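Since the structure comes first, as structure tokens, the remarks are kept for the end.
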Amino acid sequence: EGKGLVAFSQADMANEWRVMNTKEMEQAFKEAGYDFVWANANADPAKQLADIEDLLSRKPDLLVVAPIEFEPLAPVPRLAEEADTDLIVVDRALPGEPGTGKWISLVTIDFVDTGVRVAEDAVEQLTEKYGEPKGKLLHVTGNTGASPVIDEQTGLDQVFDQYENIEIVGTCDGRYARETGRSCTEDLLQAFSKGDVDGIIFDNDDMMMGGLSAISSQGRDELRGWLWGKDGTVEGLQAVLDGDMTFTVQTPPFFGGKALEVWEAAKAGNDVAPVQYVDKESFDNDTDAQMKRVEERIEELKALGVGCC
Amino acid sequence: MSMNPSPAMTGHGFNWRTFVGQNDAYLALIVLIVIGGLISPEFLTTLNLKNLLSQSAVLGILAAAQFMVILIAGFDLSVAAVMALSSVVFAQFAPIGLAPAAVLAVLSGLGCGAITGAFVTLGRVQPLIATLAMLGIARGFAFTVSEKSLLVDSPLVVAMSKSWGIISVPMVIWLVIAALLSVFLYRSRFGLHCLAIGGREQTAALAGVPVQRTKFLVYVAAGGLSALAGIVLVIRTQSGVPHVGNGWELASIAAVVLGGTALFGGEGQLPKAMAGVLIYQTIANLMNQVGLNPYYQDIVRAIIILAVVGVGIFRVRQSERRVNRAEIGETE
Amino acid sequence: MPDAVATLRNICKTYPGVKALDNVSLAVRPGEVLCLLGENGAGKSTLMRCLTGAEMPDSGEIVIDGTAYTALSATDGHALGIGMIYQESSLVPAMSVAENIFLGHEPSSGGMVNRRDLEARAVELMQRFDLRFPPDLPVRKLGPAQQQLVQILKALSRDLRILVMDEPTAALTQREIEHLFELVRTFRKDGIAIIYISHRLEEILEIGDRAVILRDGAFAAERKISETTEAQLIADMVGRNLDGKVSKKSHTGDKVVLSVEGLSSKGLFSDVSFDLREGEVLGLSGLVGAGRSDLLSCLFGATRRSAGTVRMDGAEIHPKSPREAIAHGMGLVPEERRADGLVLDRSVAENMAYPQLDRFVGPSGLRWSKLKAMSSQISERMRLRTPSQDQRVGLLSGGNQQKIVIGKWIAAGARVLLLDEPTRGIDVNAKREIYGLIEELTATGVSVILVSSELPEVLGLSDRIAVMSAGQMVAILDRDEATQINIMEHAFSRVSAGNGGIAA
Amino acid sequence: MTDATVTPSIMNPRPMLRKFGLPALLLGFVLLATLLSGGKFIQPDNLSVILFQSSIVGVLVIGITFVMLTGGIDLSIVGIMVLSAILMGAAGSERQQMMLLNDIVPYVGPFWALVMALVVAALLGFLNGVISIRFGIPSFIVTLAMGLMLAGVALMVTGGSPIYYPPDFYEVFGETRIFGIVAPVYAFLGLAVLCWWVLKSTRFGVSIYALGGNPHASQLSGIPVVRYQILAFTICGLVAGIAGGLFLSRTGFVAPSSGGDLLLGTIAAVVVGGVSLSGGKGSIVGAVVGVLFLSSLSNLMNILLISPHIQDAISGFFILGAITLSNRLES
């Protein structure tokens, strides 16, 4: 009936980012006339491996994997080889050589770079505040051990290691979720009174929103404008406009169109780059131009059906 | 007696109901497999059966650990965390050599089991809470060993993830463990003592069964088995994964109960519990096979679990109705 | 006289709020049957549990073969050849007969058990009692009597020098009791020391050599059986003289309170009809398993009725739950009081109040003071021995527990009392008190259906006696025409010798 | 009572220990925490943070206590909580309606959304009760399945996306302070007091303990066992629904995957608080103390900036130690 079967293994469906990621993936391939099946690994690497085995035994023409993590999915390229199925990996990477065997391409985000961008903005702000790069920061992280958390940490460290007077004085695992982000912030605010710290870095905008509730509730308004996030969600961007968050990096969840393009090109015999980075954009509120861009971005996202009204 | 002979007391001819009763878990599995074959053309292929068996191996070994603990009327919520710990220990030390790495991994599991066992027996901490605490402890240690997953780059491990027909290394390890343990539990004094402790601890103690020692050993064994599951996980994923297995503690309990084990101890057969694992895993496999939207997969799984356990219980109730009164339900 | 195999010296044991044993000493010699007597809660079981290692005494010592121990473990007890048939069930319901018998000392080599061997040995033991059920049957499928027999086999399966039997006959039929006594006599010949606890004095007079009587946790008296009488033993137990015979005036009125017609419960009993009058005691006799308990629980709405009608005060009733039966004025004292009659973890007061909690609910919730006042009033009336109304029921002795089970129906004002073996396993004094209570209650118009396996009790208390056999009511005898003999004849009437009934 | 066998127990030190051992242990913890944190732990500000953080788990614990007293368990509380929060947020806010990817829930306005969510929560609890009690399937399995099922339903209802724009009510409620303490804390403590009273002073409460201790004897004493068991599950469901409201009022946000770590936390708290898994034993007070203890521990570790990696390990050892010690004190 259709042009062929495309199977997609999704890491989890725990946040809006993943939901959009799945929706767009499905839409892209279905509109192009393919049959589309997918499985949700619920953030469990062992389950994701089993999902991939199950999907491959249906002999799809293409397997798209959005890995939970790098290491535990090491067997995937070999499995694709054995099943004689094309493989495209999106978002996070897998061990092995994209562009060899059945693995056509890796379409990814550079998470280390995300960490670097956040850290550089923090250095800039602190330097502005004190006239020299110094200050104390708190860090509310995503799930301990998750690969973006680790990579972004690497990025942060790369930058902060250059400034001996900038220090991360407290860390808490906010598990990428809003409520836990709030609890973490509440506790950290108890540990550090007014004047003890300059700002807080959050591993995503959702946790930043939870942290913002804690800040309002505890009357720690001195921290408004000294929050960093990641993802560039509508609410996050709104917080940038409101001056609560100072900076966020957008990580777009849309890989389907790109994966389709890459696959069809490869099928047509064209050369495709084995590793491709999706563009990302930083959002800041220092200048009017930046503010304008944030407003625009909010509208763009709304047009895509994300965020509201 | 003249009025109500209990089923087991009447004659020795073949009794259809008794047969179904004694083999319910296997029959449920067969029914599921037949249904699978009918609704999905790929279900009964060699490749898929190999996948299914290999996928079941890790949960299967965890369920064997869980089975022993449930048999003595406990629960072990730490199985998956101990597995994760063992997998990272193994991965961490694999560069030194696979054998020493495996030994250290198993030791880490036995150690966790010993701590749990000591608190349950000497500290009189309820098993549920002791193993819940161990869940945290083992995860903490796992993250301390390695914050992120560790790739095991050994050619041997890669070789072990190959398969021959439906035979894979994880499957073989699982089945060997399950078979040995089944025979051991059925034939040994230790196994009988576990049943007695789970059935009525007070009675076992009065009969001179070394209750505390047996319990302690069960937790140690469960720790060791969980660690073996961790090694099998490494074979499957080529990595040690500190955060793997969230939710598997409840899945292992569900699988064991699907296999007809009494949830509160004292009754059960390991081979049936293993059939329960296959039922659990077959459901997951089938849903992917037929491409069921993941949004509905949890719902379907829930319904099947309820149905299998419900039918099992209904059947037990039917066969025991007559003699219910004879049960002396001492509340203790 | 041979030396003692075991001597208990100055044993003391205190439970929260109760001094269970107060400086008790006792010696037992090989080849004797030492009977231990005392009222409920006198401390008999506790003393013996100290001997077998099931319980640790607070002070005192246990001397065995010249070695003094301050405390034994269960394992020590087994190693020293001390076995006990416990009063409460000591079986694992889900395990087989054979597994239960050999639990803790399974014949094994290298830790492995040969089940065939295990079962063969079990069968060998079972033959001593003429028991024929399969050794691989889970014990929970057995009736209470057979379970009791398995417990006896379990004790006998070990090499014993001392055998303690705590109420071994409470659930047995006459025939099984005789088997047991034969065994006891063989043991005596083999030089095994036997400590026998029973509330049935006729058994003690038949089998015992010597009796030690405990009262309120302390030693009260010692008697040679050949030189004592039932009356003497009773006097020792209660500390005063009591008349040993059961008798009761008739208070039967004219009004039919309960009228049962063609009542059946599928697979349990069928076509039962009788009338119960105001103030009447209707005895219900029969062999174990005849269906008496099932009849009571059906009347009480606890099991389904498949046919027949029940009228109360002329109006048809059809209780589908105990709750409805209670609303009609019934109360059931079940056979297994610990399992079915009490919530052992809760207080005396609460247990007394369960059937009528509504009565104590005021606008601001339960009125505990009112509830406890009721409870202490009933306690006093029943002469309940408890440190307070807040005491956990599980900590009281058997007789006192039974008083609570009955007391709650008195408190609830039940008009028809269904008593299932109300005096099983309780002492003479408590029995007496319960008899008195029945008399007192019937005098006020309460009607009673009394199931009892003790014929003298049924004969002494009942105004009429109904006999059940294999699920049918085969006769209703007037008090003056009933004798032990004709009751037994009726009881056996539907149980042919061939299939032996439950006792075979 | 005139009784010779009864000796007064004033001389016995055990009851004293039993009574005061645990409070002493808790006091010890508070002192230790205060010392370690250089006084920060005991600051009124911090205590109110702990209370606020405890409120959600606290409410869940109150609900599950009812079920556990009957000898059952409810593993679907978090599922119920999340679903009811989703209903409150989705059906109660027009703005949210436009965001839902699936249009299964109608807009009914904030008040009716709240009512609807609570009714659904109670119904789900009722369903747990009916299936497990009427069909005799262990509640462990029934509620495990129910939890799975609700996770699926939450995804279906929302199409996977979270609730961002619940009715304003929740935000206002979450931020309203009375004597410096936020309203959700009052909701939690108020519910605790109410349920404590219910268990102590109603026919239902007294019966719950009875049937948890011995269902058969309770049945034969005329207690409507089945009805009360089902009622306990229903209350638990309803209370989980209330927890959903509190969840929403903490961050104005709920996603189908929210609350993933609350289930084990709830069970830990309730068992640490002395509620027995086998029924008939335990109290609301104990359970609430269990929650406050665990929340304080986690708050303390965060204040002390203990690495998140080993926090779980530390609290594991702490729980084991505390329970062992309190067992020692009691026996």
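Couple of notes before you dig in:
Every chain is named by a letter (A, B, C and D) in the order it is written, and numbering of its residues begins at 1.
By our rule, a contact is a pair of C-beta atoms (placed from the backbone, for glycine too) under 8 Å apart; a residue touches a chain by one contact, two chains touch by 3 or more.
Not measured: the values here are computed from a predicted model.
When chain centres are set by their Cα atoms, the one at the greatest distance from chain C is A.
Computed from the mean C-alpha positions, the centre of chain A lies at a distance of 33 Å from the centre of chain D. Averaging C-alpha coordinates per chain places the centre of chain A 71 Å away from that of chain C. Separating the CA-averaged centres of chain B and chain C is a span of 42 Å.
Rounded to whole angstrom, the centroid-to-centroid distance between chain A and chain B, based on C-alpha atoms, equals 36 Å. In chain B, 143, 147, 246, 297, 329, 331 are the positions where the chain touches two or more neighbouring chains simultaneously. Looking at chain A, one finds that residues 13, 144 touch two or more other chains.
In chain C, the residues that reach two or more other chains under the touch definition are 339, 343-345. The full set of touching chain pairs reads A-B, A-D, B-C, B-D, C-D. Touching chain B in their complex are the following residues of chain C: 52, 54, 74-75, 77-78, 86, 88-95, 99, 103-106, 108, 111-115, 133-134, 137, 140-144, 147, 154, 267-268, 289, 291, 293-294, 336, 338-339, 343-345, 470-471, 494-496, 499-502.
Across the complex, chain D meets chain C through its residues 1, 3-7, 9, 12, 14-15, 197, 200-203, 205-207, 209-210, 213-214, 216-224, 280-281. Taken together, the chain B residues at the contact with chain D in this complex read 77, 119, 122-126, 128-130, 132-141, 143-144, 147, 246, 250, 253-254, 257, 263-264, 295-299, 301-303, 305-306, 309-310, 313-314, 317, 329, 331. Chain B contributes residues 1-4, 6, 8-9, 187-190, 192, 195-196, 199-200, 202-210, 262, 266-267, 320, 322-323, 325-331 to its touches with chain C in the complex. In the complex of the two chains, the chain A residues touching chain B come out as 10, 13, 37-40, 42-46, 49-51, 53-55, 57-59, 69-75, 83, 95, 143-147, 150.
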